[in-house]
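Next come two complexes, and both contain chain A; in the first it sits with chain B, in the second with chain C.
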Partner chain A sequence: MALLEEPIKEARRLKNFIGGEWVESKGEIKDVVNPATCQTIAKVPVSTKDEIDAAVEAAKEAFPDWRATPPVARARCLFRLKELLEEHFEELSRIQTQEHGKTIDESRGETRRGIENVEVACGIPTLMMGYNAEDIASGIDEYVIRQPLGVFGIIGPFNFPFMIPLWSAPYAVATGNCVIIKPSSEVPLSQARLAELVDEAGFPPGVWNVVHGGRTVVNGMLDHPDIQGIAFVGSTPTARDVIYKRCGETGKRVIAQGGAANFIVIMPDANVRATIPALMTSFFGNTGQRCLSGQTLIVVGEDDGFYNNFMDAVVDTTSRIIIGNGLDESVQMGPLRDKEKREKIIGYIESGIQEGAKLRLDGRANIKIRGDYPDTCFLGPTILENVTPDMRIVREEIFGPTMGVMRVKNLDEAIEICNENPYHNADAIFTSDGKSAREFQYSVISGNVGINIGIVAPMAFFPFSGMAGSFYGILHTQGQEAVRFFTESKVVIQRWL
Partner chain B sequence: MKLHTASETISFAKKLESESAKFYQDLSQRYPEDMDVFLSFVKENGKNVLQIERAYYGVITDAIEGCFAFDMNPDEYMFKIGLAEKASYSEALDKAVEIEEKMVRFYSDAAEQSKSLMADIPRNFVIVAKKRNNRIPKLKSLLGKEAR
Partner chain C sequence: MARLVEKRRVNCPARHVNAFILKYDDGSFAVKCGLIKACGDSCPYLEDPNYKSPFSRAPKYEPK
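Now for the complex of A and B:
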């Protein structure tokens, strides 16, 4: 099948967007590489401390006017942005495929999810309303108003370059704050394009800023006294040991979403036909590079016949997954983001084998790539059976197209395994039995629970949850929780004498 | 090559709609006495494309099985739109009925297979299948009129 047209045709040097201006960085320049073709598609700066300071200054300067702008007028900027995002939907989606490698269906799904957050934030005149109580004492009334805090930093990961900053940014600016977004330097293009559309939508200068880079920018945000809070998505060590810890030390609000090692539990009464495509999406969608991906499949029950038939079907479907350039609409799985990630995942597969897992499908060998592309970042789907809860491939986040499979006697045992894992981001059960589903939902320690759903991705009007090991903070991104995160409650008690 | 992903299935649906629109455009010129019917089909084909695209772009998300929902053989639904220069009106109408039957089968199968996608996609496939199915008695009535 012919490739869809690439929107990025030449490797331009990206600039920072500070105070409504596109500013050249003085930092060193890194290549942004399309993992499917290994071609350089952009040059991204590693911005300096002075540059993040300048962005904070611009945001701080913009804040008083922006917070005084009526919420309904702020919402109109978001409505205009929403229209522009719809207009450029396909372009934005293809940029994501070029910079990340994911399939075009996955990119379009990511674009839609991002836009949905803008849509929800458009309701800010209602969402940020306070509440009141008359006559808390005779002639005295009390009420709560929600006020913005100032400047927030938003640090995005590589796996959802467009969507994840939009879990936070629309709510931050809708509530009257100003933001500085640091996209992942591996995938900075869709945020750069988004900022152009933000500018076109008429946001005042300094309300929405983008600073490219790495640790210097992150440290600049964490150390800056004028940054009120950070919304971060990335690995657990960084979320816990850097972002959460340093925000605590500097008195900042924090949303720090970390990694995951999720379980999918298959009950013997699961609808096999409907379950298989859901498992394919869960384990191999986005090439396994998402914190909602299934990592370990737990098959419940001692019926060997069920297990063998089920696994035969899973292996057969998995072995037919079409791998290639995500701009080919027939492709079901793209490459990994880069060669280093591929090598890391291969290391996990090898550790699983060394620890006693049985290799049922080997994604390392004979990878069939549709089209003529270098195999540098491609890895086929891998299935390992006889996996046990103590193995590294169960306890650590792999972030790749692998499926570990274990068998347990009953649901209680499955839930115990889920709950003893260090991560608690998203777990799911596939069953036709309401009692089992209810028991799982009730007992599993997991921020996002799926019942016959393989990817438990909350809609924009629900929080993107996550629990211990996978999340550090109190309030989450998206919806009402994001509105609360980006506002302070001010209580007023009044009496007229 | 089979269709597996939502995007290639939507693209295939658009291709079928476009091809059948070309066919009806041709019929409207060859048989001007029933031009209104054929041009209404052409117009409806355009609306079908919009309807399917809106459903897809409106609900496609990473939570659904966008890359794994389908297993369809496109050869089963393809049709040729070329008519012989001297084709009779009844031959042309027979061809039209054949195209509609294939379209109905395509949309019905697509609806069945996309049940794991968000409900809007299969629901819209069903609606378009019904619209295409409604054309068959209309075409047959033209065939009857021609026979008289």
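Now for the complex of A and C:
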């Protein structure tokens, strides 16, 4: 298939969006590289502390007027934004493929999921309603109103550059807050384009700000007394040891979503025909760079015949995945985001082999790339059998196109392995038996549970959950929980004398 | 007036949304989709109501 046209044609220098203006940063400049072609597609600033402070000031100044804008009027800006996102759907999707490397189909899915959060936030006049009770005592009424808090920081990861900030930002501004988004400096382009559309949608200056950068911007947000809370998605060490900890110290609200090392449990009664395609997208979709990706496959039962036939089918199907530039619509798996991530994943594969796993499919060797591209960031899918729960490739987050496979005798043993893992983000079971499915759902410690679903991605009107090791905080992003996160409950008790 | 003979729901690969294809007894057809205005002429179903994307997210599993 022909390569789709690239929307980003030259490497322009990105600016910050502060107080409704595009402002040149005084910070150092880093290259943003398309991992499929290794070409520089943008130059992103590493913004300074003064610049994050300026963004907080602009957001703080915008807050009183925005807060006083009726929710139905705030929703109109979101409706207009939704229209603009639909108009630019394909462009936004292709930008994501250029900056991240994922396939165009994955980018289109990501754009859709981002837009759905804007759509849900359009319902804010109803979503942020409080509740009341008459006559809590004679002649006295009591009610709850939900009020915005002020300025929030939103820190995005590299794996879903467009969608993840939209798990939070539409709800934050819909409820009357102002936001500062720090996109990942590896993939800042789709957020920069989104901010242009936000501006066009009619949001007043200072409501939606974007500050590019790294640690200085994050620390500037964490330490700033005028930032009320942070919504972060990234690695567990940063979520736990930096974001959650510092927000606790500074009294900020926090959503800190961390990493994952997910399990997919295959029961002997699973529908194999439906299960194999689901495993392909779960383990290898987005090149494994997804906190909902399967990392370890647990095959239940002692029937060698079932196991061998099942794994032969998995290996055969996996070995036919087409790898290449995501803008080629025939491609099923793109490159990793960068060379360093590729090397890290190769390190995990090697550690698995050293710890006794059996290499069944080696993605390191003879990678067949469709088209003429440097192999710098490409890695083929890898399958390792005979893995055990104590191996690093099971206990640590790999974030790449690998599948570890282990066998257990029964479902109880499988659930025990899931529950003893340090991460508890998303686990799934494939079975035709309702009792097994119910037992798994009931007992597994996991924020997102799949039953015959490979990628347990909650829709915008459900919380993107996550539990210990994968999540730090109380309320989650998306839907009603996000509305609660971005608002304070104020109780009023009244008596008229 | 042409009579509706078939209503089919499709999962549009271009936009990742559901749409409806209506076919009438005079051979005409219509695409019913909330995003038809945004997509305009690029809607693949306007050209071919039986459009099927050649794209597959993963290799096909063929049981032996």
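Methods note: the second predicted complex is superposed on the first by the 497 of 497 C-alpha atoms of A that agree within 3 Å, B and C clash if a C-alpha of one lies under 4 Å from a C-alpha of the other, contacts with A are read in each partner's own complex, and residues count from 1 in each chain.
Here, contacts are C-beta pairs under 8 Å (C-beta built on N, C-alpha and C of every residue); 3 or more make two chains touch, one makes a residue touch a chain.
As the structure is a prediction and not an experimental result, all values here were calculated from the model.
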Touching partner for A:A313 - first (chain B), second (chain C), both, neither: second
Partner chain in contact with A:R290 - chain B first, chain C second, else both or neither: first
First, second, both or neither for A:I124, with chain B first and chain C second: neither
Partner chain in contact with A:E329 - chain B first, chain C second, else both or neither: both
Touching partner for A:I453 - first (chain B), second (chain C), both, neither: first
First (chain B), second (chain C), both or neither touched by A:E87: second
First, second, both or neither for A:T281, with chain B first and chain C second: both
First (chain B), second (chain C), both or neither touched by A:A169: neither
Overlapping contact positions on chain A, where the chain C interface meets the chain B interface: 1, 89, 105, 108-109, 112, 277, 280-281, 285, 317, 322, 329-330, 332
Parts of chain A lying in touch with chain C, wherever the complex brings them together: 1, 83, 86-87, 89-90, 105, 108-109, 111-112, 272-273, 276-277, 280-281, 284-285, 313, 317-318, 320-322, 329-330, 332
In the complex with chain A, residue positions of chain C that touch it: 13-17, 35, 38, 42, 54-61, 63-64
Partner chain A, residues of chain B touching it in the complex: 1, 3-8, 11, 57-69, 115-116
Partner chain B, residues of chain A touching it in the complex: 1, 89, 103-106, 108-110, 112-113, 160, 274, 277-278, 280-281, 285-286, 290, 292, 317, 322, 329-333, 453-457
